[in-house]
Amino acid sequence: MPEFLFGAALFILGTIAVGLVRILYSRQAADCMMAAQLIGTGGVAILLLLAVATDTPPIVDVALMLALLAAFASVAFVGGLQGKASAQAEDHRK
Amino acid sequence: MLSAAADQDLRTTTALTRAIGFLAFWLILSGFKLGDLPAGILAAACASWASLRFLPPGQSKRHPMLIAQLMLRFLQQSVVAGFDVALRALDPRLPLAPGIAICRCTSPMGPLRSGFCTMASLQPGLLPAGFDADGNLVVHCLDVGQPVARLLADEEKRYLRALGLEQHHA
Amino acid sequence: MAAAFDIGLIVLLVGIGAWMIVVRDVVVATIIFVVFGLLMAIAWVRLSAVDVALTEAAIGSGITGTLLLGAAARLKGADAGGTRLSFPITVVAAVLCAMISASLAAVALLLTYPAPTLAPMAMQNLDQTGLGNPVAAVLFAYRALDTLLEKVVLLLALVGVWSLAPDRAWRGVPSLDTTVPPSDILAFFAQILPPFGIVFAIYMTWTGASNPGGAFQGGTVLAVMWLLVMMAGVMRAPSISNVWLRWLLVAGPALFLIVGFTGVFIADGFLAYPPAYAKALIVAVEAALAVSIAATLGLLAAGPPERMQQK
Amino acid sequence: MSVAAVTATTEGYLLVLAIMWPVAGILVALVVNGRNIERVAYIVLPIGFAIATAVVMAVAQGGQSQIYVVGGWAPPLGVALRADGISAAMMMTTAMVICATGLFARGEFVQPAEGPEARAPYVFWILLFSIWSALNALVLGSDLFNLYVALELLTFAAVPLVCLKGQKETIEAALRYMLFALIGSVLYLLGAVMIYGLYGTLDIGLLSGRVRAEPATWIAAALMTVGLLAKTALFPLHLWLPPAHAGAPAPGSAILSALVVKGSFFLIVRIWFDAMPGHLSFAAAQLLAALGAGAILVGSVLALRQQRLKLMIAYSTIAQLGYLFFIFPLATGFAAGIVWSGLAWTGSWMQLFSHAFAKAAMFMAAGLIAEALGHDRIADLGGIGRKLPITMFAFALSGLSLIGVPPSGGFVAKWLLLIATINEGQWWWAAVIVVGGLLAGGYIFMVLGRLLADPLSPLVIRGAVSRSRELVALSLAVCAVLLGLVPLQPSDFLRIGR
Amino acid sequence: MSSTMDAFTVLAISCGAFFFVAGTIGLLRFPDVPTRLHALTKADNLGLGLVALGLLPQVAGPLAALKLIIVWLFALISGAIVTQLIVRAVR
Amino acid sequence: MTTATLFGLCSSALVGLGLFGVIVDPHPLRKILAFNLLGSGVFLLFGVVARRGAAAGLGGDPVPQALVITGIVVAFAATALAVALVLRLFEPEAGNAVESEATSAGLEVDGGRS
């Protein structure tokens, strides 16, 4: 079974890699934001597979951490962009 | 408006419900161990406090059964959505007609409406993309041929009924 | 199959790292770095370092992302380009770096087995610390001095960041808090996610004594949650002269220091614990540290105060 | 514990106290309202000084290293602290310069009498405590990773000190300093990792017994050394130093030039003389000294060409740091076939200490002059010496020590190094030492001449200069000169622990 | 029993992997950012769900299984929210 | 090839890439990014050392693992300080936020701008 799980993890890693190449190749920030999302979902899947494959339950915690925080990169981008812009606008108004 | 006492009651009930939920989350995280329980209770208390502070209790009557149904539907829809997108992606003809649809949205502003948007974003082919100037929901869809407005209105009705809000917006 | 997975992961890591160096746009490079951090978490899992994987996932994705993406977005308009090095110098630098890489690779290939290790010694003494997680024992018992000093480093970095505030904004707030419309989805996210984040953070801190996890990881999750509510405008950023805030910053290191000096009287010396109370003391210190780390990391990512609080 | 080599000595607790006392100061300073922060300093500085004195006494009386095993966990698992002769002497120098700087800074970093807490004083005092703690940790540490943390502590305290004034140029200087320092510490860490991978310990004492002569060890040591050289600003990695040291406020410059750059130098010595004694090859030692010679010549020539007083002093720091690197070819004892030569050893440390006092005094004097005139253009300094005679005297005394005029600490240092070059048969370094002295004479007398000259236009004094601050600068300069009274022979105290 | 469970695991995970592939193909073929977002989140979330489902029989005890579900739920919800954030930023 | 050796090669590549970026890239923020890449490479080498030291029932030597955690946090602090410096240096309004000599004593100039 571990062999199969590792294989599945490698397979998903491959799909992530292809997706990343596609996303990052466009070199537009908006497109690139999807990359974090892609890694978020795919990385969680890989970690879950590894947790079972190596029989190390704490790895599920890493997956949970990733699921909780991977979204945060995009939030930081969007929030940071809008937030800083509006804060600056506010500052300039005064 | 509810009276102050009833308001207090509601707060307590909500706090307790949420605390139990967070404690369940803790138990799932750490497994059931008696020695861990004090920390779990502390965590649940902190989380409920934060949750009450960020998201004050609504004043409507929720229907647990309907909410459970809603959750199931939510999961089922996300499965259907996955199939939908996979079929479109793998179809050699690439059957896409992406576009924007404007829908009326009756949920009250704030977290309730955001919650509805989040649910809607898991519907097959739909992706809420903010609101226009009149407060209507802007939806990006994979196929503008879908009856988007009707679909969403149905979903919203279900959503509001489960949250006990339909009487306000009938 | 496991080796094939490792090779795939390594190729992806190096490829993404190289991409980050060559790509033109700063914002894109930053996003690539965040992606790189997420992949590093998987690499740490493959190296049987789950504690580190948790740290990398928390710091690498969550908080570094906020910091760097915010900075990249702010610098977009500014002309921040320095002088480009001339081509010959670039070539020399490339050759130099390649040489360093090659020598490191040679060392990695030539290292012999059995490798020196302190693992048996760390396990032998684990009982005396009352802990079940050897990494936590290293951090809070065997090499507690490093951990304590590192906390001071964090505080000092924060003082350094604050010192960059304009004089008029000293005692002001970082410009992280924003006003977003109440229906905004970001606010919604900031309303529902943090309570779960808090439970997870406390779980991380608590479980760190016996399983992978600990004050760093828990504190970082808390910090990320705090940043989220501040960025979404659900909670306001505090003034840096807030008394409570300063106590929070100091609480962890101060308790650590006090416990350390108590060890002189009740145990073998500075930063020693009596075996009977070792676990309780360490967990108490970790709990306080988690709060302080959360405050420090959050404020570090938020940056120096830039304007006075609006009343 | 498996290794019995490390046992704590009775006075060892002082070592922990020396590091942790300023840390306690940082924590208290962070929470007290900024208004009370100077009061905290009045408590931290004298007690810290007393701790340093006690350590020196303990080392001198015991005649051996003082050791403390933190938490009772002996290396390699745990971390030990160790005070030998050089670390005790470094601690004393640090304590003296820091306390003097504290006294000097009272006039500059005060909270305004009215109104809320202000930025600069709040930050300055915290940074001062941090630098003290970091330096003590650096000279007492005997674990490569513990030393890494101490190095980072030092960097994070030093960088904000550079741009405390907040002008664009100083921020630029701070950023450049930061980048150099970060690369430096990462390279150091890389080397330390390899050492652990090879020998399974980071403890310097244990390493000295385990280190084998093999390529991987040399790569690791080279990486660590290069990283530390970047932090020490040895030529040609000196580019960050002049703007950083010249841009900081006067007390900051004094600390940065007198102490901070020496921290990483101390660590290089620890690596080559304590962690891997006898592994420094003749060629590598010559290379280090050649870089030092380059620093002396280039630094001095550039100092001669500066228009601004603080920049001139900063370039002089680069030159004076160069002398320190003669310790590698001269003290290793290549000629005699012994591991060690006391003459050059003492000379190099004397150079370090006397330069610390002299340079701190000189930056303070320059700060006072700039405060009085509102600028530090050397060409327009004419006549200020008559208005500020004490300051000028402090500048002159410290200048004499930098040149190496007897009787001064600088003279003893350079004389011992000269003799060592003859003893070791490496006469070529003697030429560099002599030329360096002449060039130093050039730039010092150029400024002194200006200070005493008639003003081109009537001098406008912008603000009254406090007499007590002048005296602080003078007393440090006097310390530099008094060091010249030590006997011209290898010092026993500096040999303690080796 | 065990082999039935293993067969279930293999089947579910293979299906999950299939949806990851579908998501990536969508990324490659779909014309613009919003449509690619559809492909990314919807397909990958389903893939992750199936992977988690397939792993359920392999973990010890019901709480550990619930934890896998929880991981999926969090990924699902945060994915749904992030998608909206991105599409709003792009629009 | 063991896992440790493979990741050792990975770490050496990352160190080279990061160092190259730090030296060559003119943009200060990207220098910081490259520094982080370099740091990741160094930490990864720590991880390799830890993995090689697997013994006593552990998958890795806990000492280097703990040191990496400390190192990651320190590297983050360094990044935060460097980013703050870069922002202060390059932001459009940084020019007028620079204090004049008169205000550097720390007096609040505009009374809180409330």
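Just so it is clear, A, B, C, D, E and F label the chains in written order, and each chain counts residues from 1 on its own.
Note that in this section a contact is a pair of C-beta atoms (placed from the backbone, for glycine too) under 8 Å apart; a residue touches a chain by one contact, two chains touch by 3 or more.
Model, not experiment: these values are computed from the prediction.
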Any chain in contact with chain C as well as chain E: A, B
Chain hops separating chain B from chain A, counting only touching neighbours: 2
Distance-maximising chain from chain F - centres being C-alpha averages: B
Busiest interface, counted in C-beta pairs: C-F
Euclidean distance of C-alpha centroids - chain B vs chain E, Å: 19
Geometric centre distance via CA averages, chain C-chain A, whole Å: 18
Rounded Å distance, chain B centre to chain F centre (Cα mean): 39
Between chain F and chain D, distance of the C-alpha-averaged centres to the nearest whole Å: 25
Shared interface positions of chain E, touching two or more other chains: 23, 37, 41, 45, 47, 64, 67, 70, 74, 77-78, 81, 83-85, 88
Chain D: positions in contact with at least two other chains: 77, 116, 118-120, 145, 149, 152, 156, 159-160, 163, 166, 171, 190, 194, 196-197, 200
For chain F, residues contacting two or more additional chains: 15, 19, 28, 45, 48-49, 52-53, 63, 67, 70, 74, 77-78, 81, 85-86, 88, 97-99, 104, 106-108, 113
Chain C-touching residues of chain B, taken from the complex the two chains share: 18, 22, 25-26, 29-30, 36, 39, 42-44, 46-48, 50-51, 54-55, 109-111, 113-115, 117-118, 131
Sites on chain F touched by chain D in the complex: 15, 19, 22, 28, 31, 35, 38-39, 42, 45-46, 48-49, 52-53, 63-64, 67, 70-71, 74, 77-78, 81-82, 85-86, 88-89, 94-95, 97-99, 104-108
Touching residues on chain C, where the partner in the complex is chain D: 100, 103-104, 106-107, 110-111, 115-118, 121-122, 125, 141-146, 148-150, 152-153, 155-157, 159-160, 162-167, 170-171, 241, 243, 246-247, 249-250, 253-254, 257, 260-261, 263-264, 267-273
Parts of chain B lying in touch with chain E, wherever the complex brings them together: 25, 27-29, 31-32, 78-79, 81-86, 88-90, 94, 96, 98, 117-118, 121-122, 124-125, 127-130, 138, 140, 142
Residue ranges of chain A in contact with chain E within the complex: 1, 4-5, 8, 11-12, 15-16, 18-19, 22-23, 30-31, 33-34, 37-38, 40-42, 44-45, 48-49, 52, 57, 60, 63-64, 67-68, 70-71, 74-75, 77-78, 81-82
